[in-house]
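Here come two complexes built around subunit A, the first alongside subunit B, the second alongside subunit C.
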Partner chain A sequence: MSADLVVEDLTAGYGDAQVLHGLRLTVREGEVCAILGPNGAGKTTLLRALSGMVRTRGTIRLGDAALTGRPPDAVARLGVAHVPEGRGTFMPLTVEENLRLGAYVRRGPDVETDLERVYAYFPVLRKRLKQAAGSLSGGEQQMLALGRALMLRPRLLLLDEPSLGLAPIVTRELFGIVRTINEEERTTVVVVEQNAHLALGVAQQAHVLETGRIVLSGTAAQIQADEQVARSYLGYRV
Partner chain B sequence: MSTTGTTEAAAPAPVRQRRRLDRRWAGLALLLAAAVYAPFQLVPFHVFQLTMVLVYAVALLGLNLLVGHAGQISLGHGAFFAVGAYASAVLLDRWDLPYPLTLPVAAAVAFLLGLALGVPAMRLRGLYLALVTLAIAIFLVPLLKRFEELTGGSMGLTLAKPQPPAWSGLAEDQWLYFLTLAVAVAAFLLAASLLRSRVGRALHAVRDNEIAAEVMGVRLSFYKTLAFAWSAMYAGAAGCVYTWVIGFVSPDSFTVNLSITMLAGLVVGGLGSLAGPVLGALFVMFVPSIAQDVNDAAPGVIFGLLIIVVMYVAPTGLAGLAGRLTRKIPRKE
Partner chain C sequence: MAGFLQQVVEGLGAGAVYASLALALVLIYQFTGIVNFAQGELAMFSTYIAWQCVAAGMPFWLALVVTLAVSFAGGMLIERVVIRPVEGAPELTIVIVTVGLFIFVNAAAGWIWTFLIKDFPNPFPGGALEAAGVSVNWSTLGVLGVVGLVMGLLYLLFQHTRIGLGMRAVAADPASARLVGIRVGRTLALGWGLAATVGAVSGVLVAPLLFLEPNMMGGVLIYAFAAATLGGFDSPAGAVAGGLIVGVAETLAGAYVGFVGSDLKVGVPLVIILGVLLLRPQGLFGRAAVERA
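So, the complex of A and B:
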């Protein structure tokens, strides 16, 4: 059974302010999709709409399951892991407790196996197990957030600005791990990112968002090659 | 690759952890031994005072689940304490129920009431929640006065205290003390095991980051309501034991002041720690009378000043202060 993410005529907003105006996109199972665009384009809102955190209209399907209108905890139970903007670390809890919370919707002995799997991706977390998560560096917290999301065994992984506030070298390492996870686990990934260059490096396809509409879609290579896009949205000169 | 420097420093962490845990259990065992020994050394009035500390400790354990662990607020905890006290008193007075049976009934009544009030209340946050829970504490006292034939109205109910069985050889105050101690130990163990479980982690997640908790599949409303009901259940159990110990209930024993003093006591004792409720209970029990001794005219002022001083010296409560002090000692070796 395919587990493609299909979004049709998606509108979403906060109160009276509508942010997304009829989005349509499809992410094939096992693909990485990058969402690019300037500030205020609605990138974060799109992720929030996918995980049920904002009121939406339209269709969101993951495989056979309709996600539209479900509360966030129900969406999580369907296998959608959202790494929110700002990482959502539980500061006073230990690293291990944070990770175990990631597997909240599952139970059983395979939680231990999954912990090992996360430590294999992020060896630094194993050294910090009993430490309060709030004492980790920004990069370590982002790794923790990603590891915690993996504990859910997601079918769909939503990443919101993983590079935010991190040193370039840490960001590159992080995207390298995202690529590995995508290749090894066949997890579908939707990543919102300001650093378009890095995001396009791991993505197969990309969409450029502006004021709540998709203004350009294509393969990552196409988007990267498009001069106009580069100048207008991606912030580097050609 | 950037972490080679910290490898050695992190290695002995599990050992340190275990040693701290051993010390903690040793400390608890010592405390329990002292608690069992104490009533044989003290005069009855002091035994009674200690008993009341334990009663408040049980109530604060529940409040701590809600405030310290689930991150919600309640200014109406005294109301559930009163519900438990009255449930027990009415059962003893009307139906002559054996007193041990009143404990589960009182706890269950408080739990169900907490659940019923928690469902709407827990949709609110912060100040709004504080206000609604305060309202619960305010309307409860007049309500108790109304059902006069059941509750004795403003005259209250006077009951016979549980008597020590002959085999125990204990005096009444000692027997009441041990009953209370047993309830307190059970309440403490229940809370400790609850907090170590998956449910405990979910509560902490709700407290620390609602959005992150929610996207991980934790149902916020469910846990907030459950925490509210549990805290009510603890208050109800404490209220029931209060009735056993005092042998008298009246609406004036459970004013809004009680709810506020409990919350203040818990914050002073230390939110979110297991020692906090016990230290907070000592505070609730003794500080008002100390304040009275210092100045007869304005005990409230002294009480308030003491709270300010404690919060200034120990912003994480007395439990946090104790933790800081004991951690400093081994480091200097």
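So, the complex of A and C:
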């Protein structure tokens, strides 16, 4: 059974303000899709719509499961892990507790196996197991957030600006791990990112969002080569 | 010296009752950020249920189990019906709602059971344990034992069960808790049920010492507020320590500070509340949030 993410005629917003105007996109199972665009384009809102954090209209399907209209906890139980802006860390709880919460909706002994798997990806977390998550550095917290998301064994992983506030070297390491996860676990990923270079480096396809509409879609290579995108988001002239 | 120890022991007995009501207050505060002014009245209502069960011929301990079960369900129901509609409303709104609940529960108890005082059976044997010149009532020991047991069970629940971890996650960050798949509404209701149960324990423990009547918990609630403030509203262990300290301070002040006597004892918790808020607003055991920017 395929578990493609299919989005059709998606509108979403906050109160009276509509932010997304009829989006349509498909992410095939096991692919990484990058969402690019300027501030205020609706990138974060798109992820929130996918995970049920904002009211939406239209269709969102993951495989044969309809996600539209479900609250975030129900979407999570269908295997969607959202690492939100601000990372969603439980600050007063320990690193290990944060990770276990990632697997909250799953039971059974494989939770222990998955903890080991996360420590293998992020050895630094093993050293901090009993430490309050709030005391970690920004980079460690982002690793914890990604680790927590992996504990769900997600079918779909949503990442919101993983590079935000991190040193370039940490960011590159993080994207390297995202790529590994995608390759090894065949996890479908939708990543919203200001740093277009990095995002296009791991993505197979990309969409450019402007004021709530998709203005450009294509393979990562096509987008990378696009003159307009290069000028606007990649920071150099071709 | 023996006289002093005697006072301390009696203070601990009283303090254990304050501690359990303070624990109920702290539980709800942690989950919802709400200071539940009706907590004492809910405990009083629970105590009446226990009294009713005993009056109907149930053995005490069975009546207690029934009472705790009813309290748990009642707490969840109150969260669903009374608190849920004002969730996310300004603090003042929620405070008014809990004050309204206070008045409603108080009046309901008076309406059902009248305001005449009732005798409540003491589950513990009479007499006292004599040791080192100090005599400790069995009922004081019983109260301390029960509160210790409740503490222990809560600790196990929060630190060693999946549900407890989920509850702490909701207390820490409800939005993130939703994202990992926790049913937050259900968890909040569970928290209210748990708090009502813990509060019921305090009502049942205090009833034999005072008399059962609808205004029984008014004074206890003030002590519980003092205990929670002293221990820190975000620390269950602090609430218990705070309760014991308040109980001992109150008893000692009554015995040794001439002008306090038995009339001004109720002023002691108010002095404690004021002092803590001035000197250490997060309480003795409260955490200043550990968080890196």
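Note that in this section the second predicted complex is superposed on the first by the 236 of 238 C-alpha atoms of A that agree within 3 Å, B and C clash if a C-alpha of one lies under 4 Å from a C-alpha of the other, contacts with A are read in each partner's own complex, and residues count from 1 in each chain.
Quick note on the criterion: a residue touches a chain if its C-beta (ideal position, glycine included) is under 8 Å from a C-beta of that chain, and two chains touch if they have at least 3 such contacts.
Quick caveat: nothing in here was measured; it's all calculated off a predicted structure.
*Asks:* For the combined arrangement obtained by superposing on subunit A, do subunit B and subunit C clash, or do they fit?
*Replies:* Because the two structures are overlaid on the shared chain, the partners are seen to clash.
*Asks:* In the superposed arrangement, does A:124 touch subunit B (first), subunit C (second), both or neither?
*Replies:* Touch partner of A:124: subunit B, not subunit C.
*Asks:* Now for A:84: first (subunit B), second (subunit C), both, or neither, which partner does it touch?
*Replies:* both
*Asks:* Does the superposition put A:184 against subunit B (first), subunit C (second), both, or neither?
*Replies:* neither
*Asks:* Tell me which partner A:102 touches in the superposition: subunit B (first), subunit C (second), both or neither.
*Replies:* It touches subunit B and subunit C both.
*Asks:* Report for A:136: first if it touches subunit B alone, second if subunit C alone, otherwise both or neither.
*Replies:* second
*Asks:* Have a look at where A:112 lands relative to subunit B and subunit C in the superposition and call it first, second, both or neither.
*Replies:* A:112: touches no partner chain.
*Asks:* Quick check on the output: what are the common subunit A residues between the subunit B footprint and the subunit C footprint?
*Replies:* Common interface on subunit A, subunit B vs subunit C: 51, 53, 71-73, 76-77, 81-82, 84, 88-93, 97, 100-102, 104-105, 107, 148, 152.
*Asks:* Which stretch or stretches of subunit A touch subunit B in the complex?
*Replies:* Where subunit A meets subunit B, its residues are 51, 53, 71-73, 75-77, 81-82, 84, 88-93, 97, 100-102, 104-105, 107, 124, 127-131, 148, 152.
*Asks:* Quick one: which bits of subunit B touch subunit A in the complex? Just the residue numbers, please.
*Replies:* 3, 6-7, 10, 13-14, 17, 198, 201-202, 204-205, 208-209, 211-220, 272
*Asks:* Which residues, counting only subunit A, touch subunit C once they are in their complex?
*Replies:* These residues of subunit A touch subunit C: 51, 53, 71-74, 76-77, 81-82, 84, 88-93, 97, 100-102, 104-105, 107, 132, 134-138, 148, 152.
*Asks:* Show me the residue ranges of subunit C that touch subunit A in the complex, using the header's touch definition.
*Replies:* Contacts found on subunit C: 162, 165-166, 168-169, 172-173, 175-184, 287, 289-292.
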